[in-house]
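Shared chain: chain A. Partners: chain B in the first complex, chain C in the second.
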Partner chain A sequence: MSGSSSGNETVEYIQHHLTNLCVGDCDPVTHKAAGFWALHLDTVFFSVALGVLMIVVSARLGRNLVTGTPGGFQNFVEMIIDFVSGQVKDTFPGHNPMIAPLALTIFVWVWLMNFMDLIPVDLLPLIASGVLGIEYLKVVPTTDLNTTMAMSLTVFALIIYYNIKVKGVGGYLKMFVFHPFGKFFIPVNIVMSTIEELAKPLSLGLRLFGNLFAGELVFLLIALIGGTMAVGLGALIWFPLQVVLDLGWLIFHLLVITLQAFIFMVLTIVYLAMAHTEDH
Partner chain B sequence: MSEQKGPGLLLIGVGTMLTSMTVAGFGLGLFVDYWLDTQPLFMLIFGGLGIVGGIIKVHGLLSKLG
Partner chain C sequence: MNINVTLIAQIIAFVTLLWFVNRVLWNPMNDLLLARQKRIADGLAAADKGKHDLELAEKRAKEHLVEAKSQAAEIMAQAEKRGNEIVEEAKEKARTEGDRLIIAAKAEIEQEANRAKEQLRGKVASIAAAGAGRILGREVDEKTHADLLKDLVGQI
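And now, the complex of A and B:
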């Protein structure tokens, strides 16, 4: 195997794993979205499936709640609910019955979508290609910018809604006119405030996407150690190295996925809390 | 307590705030440029404002630490 062909295989392997199952307006060569009406079927499938899983498990648990001495899973779920509820109480001024359920949904859903990153990178794509004949499959919805930006834009829509609901249209627009430099720099204030508002969904979506995409890429690179370098006796060295690195990154990444879900949830609560306060 | 913890938690996102405001500034400028056909005037102006705004925002958030 020459060096350049090995390099090409490596690039192909990574590109293949980072390509979504695109339907609709997609490029026939690169299989990337080529227009607005392109649908990443794998992203939609896995995100909806995980959402349904969350609903079904919650509904089942809700029907079988035990008072007194609850079982292990109920204890675990109560611990998560207490944690999220505590965060909302500490951060959110006043009372809005939608915030805590929203925060809990975001935290659990984002965590579940992130968790797909810990499934061995080749497992589901191999099953999909072997059993269903699906050529491309990207299993982590949060490594698709469409998912993270869709979530952050939904949060952004809620921010605008609550800003207008609490402050009124006039109050919300006043915030753009007089913040941050006062009444003598109105054009600059409008631009600066607009940029500041636009930065909220951008930072939310890009942070989650960037962290998870990078994490996925590291898993792919570790998988390549065993995949392309392990030939003959070399496998005796490279395979154990791959196992050790994979385990190490998996443990570290478990922290990353939890942290990223937590950050998305906390910043959503903080932004919505800011929308509920009269001052900017 | 509730008044202090909320803004304090914004520090979680302080790292990406500067980059996000810069990107948002350039993006907004690009949009206005396409709209008014004035490339690259507003992209540069709004991009600069995004950088300045980001620095002010980050400085404001970090100042609360001290």
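And now, the complex of A and C:
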């Protein structure tokens, strides 16, 4: 990223950063996935690593739980759990032991994956290429549509499952036919309801992906400011500007990643709550 | 966008993670929080009960005190009454004893007097005989005039 500021290199830099570490059915030139049987190894690696981190930390915490006066970390975890179950209690009617752990998993996992965005954009790819010889690395799993859609589709599957479980197949289909305009607009109803249902997983997955992808892109652009002007007197101006902008976006983005994790969680609860209520 | 097999891998990862979180984090934590909630509720209930018990005990103590006071007063009254009775009894006893003593003394005095009289009577006979002998100038034989003397003694 050093050297001349030719537009080509800038595009290359950004494109390089936005390319996953692809194995399987990949394009040999662009390294993008070419067909369905391509696996983004970096996405899977980082998300699974963060998941394992969650499990290991919770397992260690779970062994040393204190009932009376919990210490710092247990207190912190209890706070998160209290917060999540508070959200579930506020939005979710009735009782389903599945919802709260689901919401908790989504909130924490999405937050952790989003947090990868706050690690300096070049750090991990540099280590990967320098030490391990891996040329492409995209460290934020939530900037991969596969991750966000995986979660939203799982939630969608749960929505359909609980819709059918609570209302029955007939009740669920009836919702498509008679909602929202009553029995005189059946064709319109079917189209509208289908779009409404399909919009749920799409909006859920795309919202998270879009926010994080854009955030990552802004980090890349900020990184380019200093990079393009690395040598010469200009660096005296550009470098501090980059630091200030980076810090500003970092702080702002810390809010964004938390908010996005929260939104994903709340919408999941709301959609599942809708699936559980009879009079849709 | 490039949706590929990563999607399926991520779904599997997500579901696995969900299972683990539920098992390793949510369940023990939830149990813990519920247990703590119960403990707090129990503690508060125990505190309420303790307070209630204290109130009851205080009330009971007051009742006991009042009862004890009345009992004490009763006992004192009884004791006073009994004391008076004892005094009265003692007085009565003393009086009868005194009377008895007086009667006995009187009887003794009478007895003594009688005995003295008897003695005097005995002596009167000999004095009378001696007196008579002197008057008559000769010895009066007490035996010979026993009848006379007896008669005389009887007259005294």
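Basically, the second predicted complex is superposed on the first by the 275 of 280 C-alpha atoms of A that agree within 3 Å, B and C clash if a C-alpha of one lies under 4 Å from a C-alpha of the other, contacts with A are read in each partner's own complex, and residues count from 1 in each chain.
Simple rule for what comes next: a residue touches a chain if its C-beta (ideal position, glycine included) is under 8 Å from a C-beta of that chain, and two chains touch if they have at least 3 such contacts.
No experiment lies behind these values; they were computed from the predicted model shown.
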Fit-or-clash call for chain B and chain C when the two complexes are aligned on chain A: fit
Arrangement angle, chain B at one end, chain C at the other, chain A at the vertex (C-alpha, nearest 10°): 100
Touching partner for A:67 - first (chain B), second (chain C), both, neither: second
Per-residue touch tally on chain A - higher for chain B or for chain C: C
Contacts of A:100 with chain B and chain C, given as first, second, both or neither: second
Partner chain in contact with A:198 - chain B first, chain C second, else both or neither: first
Partner chain in contact with A:38 - chain B first, chain C second, else both or neither: second
Touching partner for A:151 - first (chain B), second (chain C), both, neither: second
Which superposed partner A:81 touches (first chain B, second chain C, both, neither): second
Which of chain B and chain C A:135 touches, first, second, both or neither: neither
After fitting on chain A: smallest Cα gap, chain B-chain C, Å: 14
Contact residues common to both interfaces of chain A (with chain B and with chain C): none
Chain B partner contacts - residues on chain A that touch it in the complex: 89-93, 180, 188, 191-192, 194-196, 198-200, 202-204, 206-207, 263, 266-267, 269-270, 273-274
Complex contacts: residues of chain C adjacent to chain A: 1-11, 13-18, 20-22, 24-26, 28-30, 32-33, 35-36, 39
Complex contacts: residues of chain B adjacent to chain A: 1-3, 5-7, 9-10, 12-13, 16-17, 19-21, 23-25, 27-28, 46, 49-50, 53-54, 56-57
Chain C-facing residues of chain A, complex: 20, 24-25, 32-33, 35-40, 43-44, 47-48, 51, 54-55, 58-59, 61-62, 65, 67, 77-78, 81-82, 85, 100-102, 104-105, 108-109, 141, 144-147, 149-151, 153-154
